[in-house]
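Shared between the two complexes below is subunit A, which has subunit B as its partner in the first and subunit C in the second.
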Partner chain A sequence: MPQGELCNRQPIVTDEQLKLTLSDKSGKKYYAEMLELDVDTNALWATIQKTMKARLKTWLEICAHCGMCADSCFLYQVNDCVPEQVPSYKIQSTLGHIVKKKGQVDNEFMRHCMKVAWSQCTCCNRCGMYCPHGIDMGVMFSYLRGLLYSQGFVPWELKIGSGMHRVYRAQMDVTTEDWVETCEWMAEETEEEWPGLTIPVDKQDAEIMYTCNAREPKHYPEDLAEAAVLFHVAGTNWTVPSEGWEQTSLSMFAGDWECCKDNVNHVYDAIERLNPARVTGTECGHAHRATVIEGPYWAGREDGLPPKPYIHYVEWLAEALREGKLKIDPAKRIKEPVTLQDSCNYVRNQGLKDVTREIISYIVEPGYFVEMAPNKEHNYCCGGGGGFNGIGMYREQRNVALRKKMDQILDTGCKLVIAPCHNCWDAIRDLEEEYEIGIRWSFLKPLIIGMLDIPEGMRVEW
Partner chain B sequence: MYELLTGPLLWLVFAISFGGLLVRVVLYFKGLSQQLDRVAYKAHLSYGLKGAFNSIISWLNPVGARAWRKKPGYTFIFFAFHIGLLATPIFLAAHNIMLQENLGFSLPQMPAFFADLLSWTVIVACVAIILRRIALPEVRILTTAYDYLLLVITVAPFVTGLIARYQMGDYQFWLLAHIITGEIWLLCLPFTKLSHCVLFFCSRAQLGMDYGIKRGGLKGSTFSW
Partner chain C sequence: MFKKILLATTGSPASFGAARVAFDMAKRYGSEVTIFHVVGVPTKAFSHVVNDVRTGEEVEIDEEYLAWVEEELKTTFAKQFEGADNAKIVLTTGVPAREILREARKADSDLVVMAASSGENASFHKGYPGSTLQKVAKAARCPVLSVHRESASYWGGFSNILFGTDFSKQAESAFKFALSTARELDCDLTIFHALDISGKVLDQNEIEENLIIARKRIREAYVPLMGDFKNYDIEVWEGTPYVEIVKLAREKSVDLVCLAHHTNELDPERARIGSTVEQVILRANCPVVSVSKPDKV
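Moving on, here comes the complex of A and B:
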């Protein structure tokens, strides 16, 4: 069978193809074509032979089938503990089977793998912590996603997502002009209230270069304005690059590794060009993982580090509060029970568990912070990680997945959840929409701005 | 027959088994890829080694890893099985007499009563592991005939050894059966999933390095297993 017009093994590389795929409402034609899509079994096996190294091969081989990973998976827990949701089973029956068959699998099996890879694993990496052999199924599912993507078996939204990154170098169609205009627009608007505030674009040798998530300029530019306010109040010499400002990577969720490399290089080029002392990004978990934790490897950097120290927003914020560059008015501190969502992508994947709690210590009145159980690196995925949030055909499964976070939040008794991660924020918003448990959720930026102790004359009161 | 099985054949089995395991370890580490695994093993070696050490130690300790603490029943069975499996053949008096005769040295020997107890522990734990595989849906779905075969291969030297020890039936027959099943077990180590006896350390060290470097170690975060 031939490859489809929309569903095929080629990545989206032109604006025309992107618009064509987007115009296919809910991917109706795309998924219909997928039913007929050929599997290039030789290419599949060749890729496995080239890319499957000792670690993954050993993991598949030595899994003791002990089932210790079962409880570690929130998807197993919320799906009534059906054995098909045991992490080891999920990977052995998909990737394990492909390897056993030396790539000789058919269309139906690949579609089954797609369903498992994107609706039964969020690549949260929690199972890796509970396996006696140290087998991380999240890592293996990321690998499987790469194989599936290369064969065209990827959810419609993520094919588009990685296409967006390839065409616009952003997860949404935000061009360089759009971005720079948004910066100017936000600076003008915000300056009315904060005299002297600027959003400097392409400034050389700044203290901090700021990067963000394309959804911010596209859908909620006030987030950019809030970042600007905090940099301004903290007296930071900062800048944003005109190119290389987008640090997210839907291509990472899609398994489009070539695109991942291109995108992260684009950000690194901006760092090299503008030569800031440090870089920080917005309150986004997967963006941080893509640009800072995994990105250096995609780019082939020997030390596994970005070209300049690249910190998560929570690290910048904690530092500004610690050093007194941002001061909190004690009277405005949070005085209601509040809990914190630990993002898998920078807590379990980079150990930033204490720094978020340090921020809490500045902004929450003692006695009001309630930890989720379990928390820190043992916390569960928000329910919508790894691309799950954005995939229409798996919405029902995603809504079930949200129940774990819902139960965790309900158990804290809090009505306010701090979620310094775009994806967690979205998932918590969706869970409130779906289950109406009466909670509020927030990024850190607006919370902090609301409780700042601002030097006189810095802000114009209306 | 006895001379052959405990003489040249035994040496050959040892060579294949231990040589094979060594090859597996070497191939594991040689087959790691900084870029594909996304871990800069060499650039941050000290952080990596610290993580590797923490990871291995936490999981060799029955209360060291959170996963062990959460499942005390299974943990008990698991550790009893593995301790018996390793300690009995190494410290058994009869084995050490052979070692003394052949190589002129021996290891500390355990009392016969203790060896019996450990052998029974292995057998009982093995039965418990099999029952668990059958009883729990989350384990049953993972279990294949290969898993049972490996359990049989592993426990066979203990069953035959105990029968010979208690002199039930034809002692010579059960002694030979014990030696043969023991040698089959040794031969299977490098070629089957039993290779986890060394690859456990490799895999754990690897994930420990991952956590010790990019997943928190460089940020000063000690990972709690």
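Moving on, here comes the complex of A and C:
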């Protein structure tokens, strides 16, 4: 069978193809074409032989099917504990089967794998912590997603998502011009209230280079303004790059490995060009994982590190609060029960669990912080990770997945949830929209700005 | 001075008054009107899925849908379009306040005209200007004219302008705008300060003393800026500022109130209650223009 016009094995590399695929409402034509899409079994097997390394092979081999991972998976829990949701089953019956069959699988099986890979696993990596052998199904699913992507079996939105990265070098159609313009605009809008505030673009040798999530310049540029306010108040010598500012990687969710590498190199090029002392990004989990945790390996960096120390926003914020660069007015601290959403991507994947709690200790009146149970590295995915939030086809499954987080939040009794991750923030917003449990949610930036003890002369009093 | 008018509208009846004013002004002053409508607030992925601003339903944006919305707007404003040579419709998706600001900046609009609220969710929103207006009025570089009540529509050009001041920095921009409008359109201008005595216990002597001080302050701050412009008078009353502004506006048959909207409250939900501008918008019998920035005055 020939490949489809929209659903095929080629990545989207032109604006024209991108617009064409976007104009296909709900991916109707795309998914119809997928029914006919040929599996290039030889190429699939060749890719597996070339890319599947010892760790994954061993993991597939040594899985004892003990089922210890079952309860670790929130999707298993919220889906009535059906066996089809046991992590080891999910991966063995998909990737395991493809490997066993040496890639000789058909279209129907590939579509089944796509469904499992994108609607039954958010790559939150929680199962890996509970497996007696340390087998991480999240990592294996990321690998499986790559195989599926290379054969064209990828949800419509994610095919477009990685196409966006390839065409615009951002997950949305924000061009360099749009981005720089947004920086100017936000500086203009904010400087009046914060005299002396600037958003310096392409400044050499700054103390901090800041990167963000394309959703921000596209729809919520005040997030950039808020970052600028905090850098300004903290007296930081900072900059944003005109190119290489987009830290996210939908291609990581899509399994577009080549594009992942391109994305991260783009950011690394900016670091090398501007030579900042350190880099930090916005309040986003997957962006940090893509650029800082996985990125160095995609880029082939031998030390496994980005070109300069690259900290998560919560690390920068905690440091600024700790060192007194940002001071909190005790009278303005949060005095209502408040809970914290731990992002899988920087808490479980990088261990940044204590630093967020340190921030909490500065901004919440003692006695008002309520931990979710479980928490820190044991916390559950928000319910929309790994691209799940954005895929229309699996919206129903995603809404079921949100129930775990909803129960966790309800158990805390809090009406305010701090979510320093863009994806968690979206998922929590969606869960309120879907289940109406009467909660509010916030990033750290606006909360902190509201409670700053502002140095004399820094803010215009009206 | 109103070459480019941006009419930001949801297309709902709540914005009909604003639309009428915008088109009347356009016809009178030969302005270009852009009917700007934010179709929906993005929910997922690349903004192709949005919550429709009118129905709240999730819709997928495609050309067919956009064409349908445009047709609806054309039908809604059919009367206004008649004889308006220089009008166009611009549709977009995004967070409404942000997109209105983006468009005003991009098009270098001279005036944003909008309703005080979308008029939806009546039980909750009625009586409060929406957060969209608040955000736009706070950040726009150009004056923002709002029309809340149907009766507050413009019938025959501006002839009486009331400028209310709290002596803030932002009020300087509002004054400049009021003055140049009055000059250009040959209007009477009333410069007004309401001495805020709400919730205070003051003796009459103190009040009178403060009234004299305020009057002096107006003379010092604004009169020297007026040059040969003579059609003005100065009023200083005591009371709750928004009540006094509305009363004076009614008494003088004012057809444009000019104020500066400013607040240092970041959260529009919290800034909602108590702002003078917002209360005036809700109560005034004429359009209210908020000017906080010096750019377009």
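One rule holds in what follows: the second predicted complex is superposed on the first by the 461 of 462 C-alpha atoms of A that agree within 3 Å, B and C clash if a C-alpha of one lies under 4 Å from a C-alpha of the other, contacts with A are read in each partner's own complex, and residues count from 1 in each chain.
Definition applied: a contact is a pair of C-beta atoms (placed from the backbone, for glycine too) under 8 Å apart; a residue touches a chain by one contact, two chains touch by 3 or more.
Keep in mind that what you see is a predicted model, and the values were worked out from it rather than measured.
Q: Name the contact category of A:352: first (subunit B only), second (subunit C only), both, or neither.
A: It touches subunit B, and subunit C stays clear.
Q: In the superposed arrangement, which partner chain does A:84 touch: subunit B (first), subunit C (second), both, or neither?
A: So A:84 only meets subunit B here.
Q: In the overlay, answer first, second, both or neither for which of subunit B and subunit C A:17 touches.
A: After superposition on chain A, A:17 lies in contact with neither partner.
Q: Identify the partner contact of A:446: answer first if only subunit B is touched, second if only subunit C is, both if each is, neither if none is.
A: second
Q: Applying the touch criterion given at the start, work out whether A:67 contacts subunit B, subunit C, both or neither, answering first, second, both or neither.
A: It touches subunit B, and subunit C stays clear.
Q: Which chain, subunit B or subunit C, ends up touching more residues of subunit A in the combined arrangement?
A: Counting residues of subunit A touched by each partner, the higher count goes to B.
Q: Now for A:25: first (subunit B), second (subunit C), both, or neither, which partner does it touch?
A: Touch partner of A:25: subunit C, not subunit B.
Q: Figure out whether A:249 sits in contact with subunit B (first) or subunit C (second), or with both, or with neither.
A: neither
Q: In the complex, go through subunit C and note every residue touching subunit A.
A: 42-49, 60, 62-63, 94-95, 98, 101-102, 105, 139, 141, 168-170, 262-264, 266-267, 293
Q: In the complex formed with subunit C, which residues of subunit A make contact?
A: Answer in residue numbers: 22-23, 25-26, 157, 160-161, 164, 171-173, 185, 188-189, 192-193, 218-222, 389-390, 392, 426, 430, 446, 449-450, 459-462.
Q: Hey, which residues of subunit B end up touching subunit A in the complex?
A: 27-40, 43-44, 55, 59, 65-67, 70-71, 74, 78, 133, 136-144, 147, 193, 195-196, 199-200, 202-204, 206-208, 210, 213-217, 219-221, 223-225
Q: Give the list of subunit A residues in touch with subunit B in this complex.
A: Those residues of subunit A that touch subunit B are 51, 53-55, 57-59, 61-68, 70-72, 76, 81, 83-84, 86, 88-89, 92, 128-136, 293-294, 296-298, 300, 302-305, 348-354, 376-378.
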